[in-house]
Amino acid sequence: MSAADVAEVVARSRRFVRDVVIPAEPLTGTPLDPEARAALQRQARAAGVFAPHVPVELGGLGLPLTAWSPVFQEAGYSPIGPAVLNCMAPDEGNMLLLERLATPAQRESFLVPLAAGDVRSSFAMTEPHPGAGSDPAALATVAHRRGGRWVIDGEKRFISGAEEAAFAIVMARTPDLGERAATMFLVPMDAPGVEIGHAIRTLETAITGGHPHVRYHGVEVGEEAVLGTPGEAFRHAQLRLGPARLTHCMRWLGLARRAQDTALDRVRSRELFGHPLGELGLAQALLADSEIDLASSAALIDRAAASLVADPREGATASSLAKVHVSEAVGRVIDRAVQLCGGDGVTHELPLLGFLNEVRPFRVYDGSSETHRWAIARRAIARRRAEVEDGEAALDVAEGAR
Amino acid sequence: MSAADVAEVVARSRRFVRDVVIPAEPLTGTPLDPEARAALQRQARAAGVFAPHVPVELGGLGLPLTAWSPVFQEAGYSPIGPAVLNCMAPDEGNMLLLERLATPAQRESFLVPLAAGDVRSSFAMTEPHPGAGSDPAALATVAHRRGGRWVIDGEKRFISGAEEAAFAIVMARTPDLGERAATMFLVPMDAPGVEIGHAIRTLETAITGGHPHVRYHGVEVGEEAVLGTPGEAFRHAQLRLGPARLTHCMRWLGLARRAQDTALDRVRSRELFGHPLGELGLAQALLADSEIDLASSAALIDRAAASLVADPREGATASSLAKVHVSEAVGRVIDRAVQLCGGDGVTHELPLLGFLNEVRPFRVYDGSSETHRWAIARRAIARRRAEVEDGEAALDVAEGAR
Amino acid sequence: MSAADVAEVVARSRRFVRDVVIPAEPLTGTPLDPEARAALQRQARAAGVFAPHVPVELGGLGLPLTAWSPVFQEAGYSPIGPAVLNCMAPDEGNMLLLERLATPAQRESFLVPLAAGDVRSSFAMTEPHPGAGSDPAALATVAHRRGGRWVIDGEKRFISGAEEAAFAIVMARTPDLGERAATMFLVPMDAPGVEIGHAIRTLETAITGGHPHVRYHGVEVGEEAVLGTPGEAFRHAQLRLGPARLTHCMRWLGLARRAQDTALDRVRSRELFGHPLGELGLAQALLADSEIDLASSAALIDRAAASLVADPREGATASSLAKVHVSEAVGRVIDRAVQLCGGDGVTHELPLLGFLNEVRPFRVYDGSSETHRWAIARRAIARRRAEVEDGEAALDVAEGAR
Amino acid sequence: MSAADVAEVVARSRRFVRDVVIPAEPLTGTPLDPEARAALQRQARAAGVFAPHVPVELGGLGLPLTAWSPVFQEAGYSPIGPAVLNCMAPDEGNMLLLERLATPAQRESFLVPLAAGDVRSSFAMTEPHPGAGSDPAALATVAHRRGGRWVIDGEKRFISGAEEAAFAIVMARTPDLGERAATMFLVPMDAPGVEIGHAIRTLETAITGGHPHVRYHGVEVGEEAVLGTPGEAFRHAQLRLGPARLTHCMRWLGLARRAQDTALDRVRSRELFGHPLGELGLAQALLADSEIDLASSAALIDRAAASLVADPREGATASSLAKVHVSEAVGRVIDRAVQLCGGDGVTHELPLLGFLNEVRPFRVYDGSSETHRWAIARRAIARRRAEVEDGEAALDVAEGAR
């Protein structure tokens, strides 16, 4: 796809989001209801902006990963934009995973309707405390083989979208396949034994379908429910994690740009001390810092996207670093916009405080800033250790010791 | 030049700087003396790493602007590296300007020896307070036409490198050519009437040749001394400013990477509370923040370099934004390294405190952070104003007003 | 009142808030309803912790301003604590004003029931954009004398508590008393012509009674409705502003301490990478920064309270400075607690995200951080100018100029 | 001593430092030479401002600890002020220790001449890596009893002032007194076997006498050289540490105030874009942030000083917290002043860059910011654990778990 083609998709998405989606936004704090979503998705399809990341044969626009950022930013300019364009989490990450791993039959049953926006999905990995991070052995949800079928038992937590989902990709330990083996299963939400539990209330509304607990009470599925290679759930999950956190960055960067544009509109129209707000240095400092945050975020996303394509391992590092920076930067940008809009900013007269609540969880989701910083530091230390072991002179030798 | 060719230059420069240049560094706080510089430059030429930005026909490596960053970073890994590779300010920016503007004769007399490292140069624009920023009318140095020659009078300030320079590019108002006209002149430092004045002491040592005042007492030059189009000095200066501040970013980013590598070496070898320092979270937080600063700096430089090539006007904006971020980020990175190296960091046992003094002025040079922030905010406001005038809906309309 | 007496009030308030108030807190995002408030206020009175700032003869505890901080912090440890102890804005500031300015009759009609918690009140100063800040001439609400009575016309905005208030202190321009004269009036909310308008939705719940627009359509009051000296509304308002913003600091500092205690509880009980979270340096860094924010906030509040008592003018400066620091610090402390509590922090599983929304507006209320910074800088410049005019040597003389 | 008496000492010190000391300052980067110091000390004594912290009977002004801050700030307004007023580290902390621990004979021999400014002193605790922090067992310098005398062997590092000192207080392990026992010895610098080793170069100049290594080769001293109780060196050292880091805060806060005053002078006199710099919001933001840093620093110092007097254990915590905040705040204040003074700020035209180098090491000296943050977090966790064990309800219980 040529740069001009991408630019055209960006322009179309931009127009659609601004002309159609923003006027249809629900009041701040209210999620988009499913019918309104379906109607807007039909309009998006008609406008040629639906499912930008999905292959053309599945009804999408077929953009390569390196071209997603500007389009997802345009979608994210409205909190409901990504849902309307069908590129919202967790569905978008699930489509990626299905595309890579699904059998033809799974593709037909799960990916086709998901890509079309006909159904929604969940990714059931997180568990209640002490929970399972990246350690397979800590996974408490277990699937046992019983007479050619799998029986799943366990509890998941914070399963985004589960209340509206048709199915979930469930991570479960499969001790029959080895002590540390875990497997992904495609499990319909209406399968017997699936129970949606305690609904976790949040202030964020962009991911519809709630974030409830989901319990699996002896849920039976056949071998055809296994997604990818049995026992390889954690390796497969990596395929999803790097891009998924990066698309979060893209979408929320779009929302931060909306906040900055709102602030820019405000500083032109309001006066303080007899000057347009935008001519006051204290306002300019906030605006400039936000421009820098927006530009550095975009640049780090591009760098990570290119890296994910070139070398998935390097890409994971780059997307981790981008995630920390972008998740913090978008919060700062929106916070400054709140401040610049004064009284209207801190109430629901403008949607900015709502935006602030939308993005705040991203500093915790998909690995907290602290966990990523820990990993970033460790990788830096390992990188440098390898250089020194390879012959580079250690640099911390004090003059006094020379 | 292919990506592989660039990678090879990077690798060569890296090896040369680490194996040859770093061992030759003078004690912290001491500038490199001219003979040592000349000897190292000969070695650089022999190693095929001399003048990476200079066209091949002038003896350089002929790298395009978009490939400078990784090479200049390797050079900047040592404070004296850029001087040794002949890509240090102000010479490097002057070469760029001469290449674009010089007549064949000027090229021969000024650019050829400069590119070869045989002479050094200055750029004489800044003046004593109230000084001339970007306002031609404020330029106090004046050149009058007298019988087919130009007579220059005035005082310049903070003329980096002047004490070692063979010539300077002097900006002077030329009222004979119009009220706001200014012209660039190539003026030998030994021309009658050129006086090097008050030497401004600095803590920084990478730009050798001092930063003195320079006075022009009726200095006479001919028409052949005019660089570029008469009366167009300020337009020409723009050619230099955008790339020049970006190459500063590249070089000092290299020094920041050196500081980070020093800290990484230190945290592997030292223990605190019975753990290697690098396993302590408080150290990891500092290291990770520096990794983010380094990566975002590199990404913004690349973005600005591509932009400068594609569209000089956009490029000026992008390099301004990169300059603010990088000049502040490199200071933070080195400061964190100082902290991680403890007692050795805050003394001359390690060169880190020296590095901190090297980079501190960059937040003021080439436009202070505050001046750039002011400009960045104004451009953002103008960009958004144009969008709204073009039909975008203003976003700051309070719900109460709908 | 001795230090020991104050310490006893602090201890009592602490026990009452923790044992009685916190268990009665409504769900995050829900305001306290008036009956529950009344019941809790009765308990507070019985426990001897009601109205700590109110003189004993009015049923309060009679604490001097310099002793308010620790008690208000204990009250603010719960978002509903200040309402229960009847020391919440805007009532608390109105009590202060009435105590200083009310006639015996006004005292009986307005202050006595307000101090007793039998009624609530509003302070009607803010107006819709362009609004009236500190410039009397910009006040659009006007009161005209008509036959020995005052007739008030105008619109107010963001009138906190108005929906539950029995009366408001209304600032109106009174041109009959001079061009820049403004006067305070005590106006019952049920007076003919008072209309509660557009309700401004907020995420914050601690100030109950909404923040609506209030319109005055020819509202008639007698001379006995004038509070304080006619024409002196702006001078009188200063009496309220300094302490009122400082008591906001005290209350919200208490909430920030609650957030920090929540985080401290969490880091003891949760593990990450096999260590209690509290032993991980990245968590320790967040906790330590919050301790510093809490301690510096408390210290600046004490300094400002002492200053307000000693010299109201100095006190205004000190409370302005404290307001900027504390309003920003409490946001940082709660934000770090959110981060330390991970998934629970960013949902309503814990009330922390609610706390974040409670305190965010304080950076805008009572003068935005930017407006205060502007004022702080101007006062610093003026202070230094006076010193130099008094004979101090100017310090910015460059060596080169000596 | 009454508040008025203290105010008078402050005023006198202020006048003396500004009228006498500042004009005598050496060029930036150059330490004060001993003769000039002696002459200025004589003037200080004549002006009644010498040794403010020293008891009257020893020739000082007899100020209590809670009154030191404003006076030490005035002294620190010049980098050489504390040396001139004889309240500079390490002498000032040594005087405190001697006053508490010295025998009458030690008092006469060591404290009297030190308080009089006739000699200087060192505190020899720090050792080369891995060094001895607060762990007695790690102390490598050892003193053995041999026939009624002590023989000291070992190496110390970073012994501030040693090159000009008459004696040092040496911490040595004394295994004869117990496995973890350490003892303080008063050791003349000219005792046989004392060798001043490798001089550590620094950029900071306020502490004269260098920071060299000092080696002890079988240095013999008698029992009369023992300072305080044998074996109690680490407990005694605590007496010094809390106040000593707090007086560093006081002195460097004074220097930061000088930087801020310099910036305030500059913004009144310089123009940018046709406005005095001080009317530009970007400058105002910097100035206001510095005012807040200065005020919060002063408030935390006062809080810690009061705490040290009331309860040494609480005081240690409070001085640790103050140290982190003040050491970082003074750096920020001076850095902003550098920025506001532009070209003059980043060169030696003004002394600001020198000031920046003076204060930078303080974030490492006396326990690095990271070490203090670690300790602050641990104490906060312990404080909260005790509260919960005492019956407070844990606050981190998720709603879902209720």
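Each chain gets a letter, A, B, C and D, in the order it is written, and its residues are counted from 1.
We adopt the following convention: a contact is a pair of C-beta atoms (placed from the backbone, for glycine too) under 8 Å apart; a residue touches a chain by one contact, two chains touch by 3 or more.
Predicted model, so just to flag it, every value in this text is computed and none were measured.
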Touching both chain C and chain D (chains): A, B
Same or different contact residues where chain C meets its copy chain A, judged by the half mark: same
Pair joined by the larger number of C-beta contacts - B-D, B-C: B-D
Centre distance in Å when chain B and chain D are each reduced to the mean of their C-alpha atoms: 39
Chain B and chain C: spacing of chain centres that average the CA atoms, whole Å: 50
Interface hub residues of chain D, defined as touching at least two other chains: 200-201, 280-285, 348-349, 373-374, 399-400
Chain B residues touching chain D - in the complex, by the definition given at the top: 28-29, 126, 129-130, 157-158, 200-204, 211, 270-273, 280, 282-283, 286, 338-339, 342-343, 345-349, 353, 356-357, 360-361, 363-365, 368-371, 373-374
Partner chain D, residues of chain A touching it in the complex: 198, 200-201, 213, 280-285, 399-400
Contact footprint of chain B on chain A as seen in their complex: 18, 22, 27, 258, 260-269, 278, 281, 283-285, 287-289, 291-292, 295-296, 298-300, 302-303, 318, 321, 324-325, 341, 344, 348-350, 372-374, 376-378, 380-381, 383-385, 387-388, 392-396, 398-401
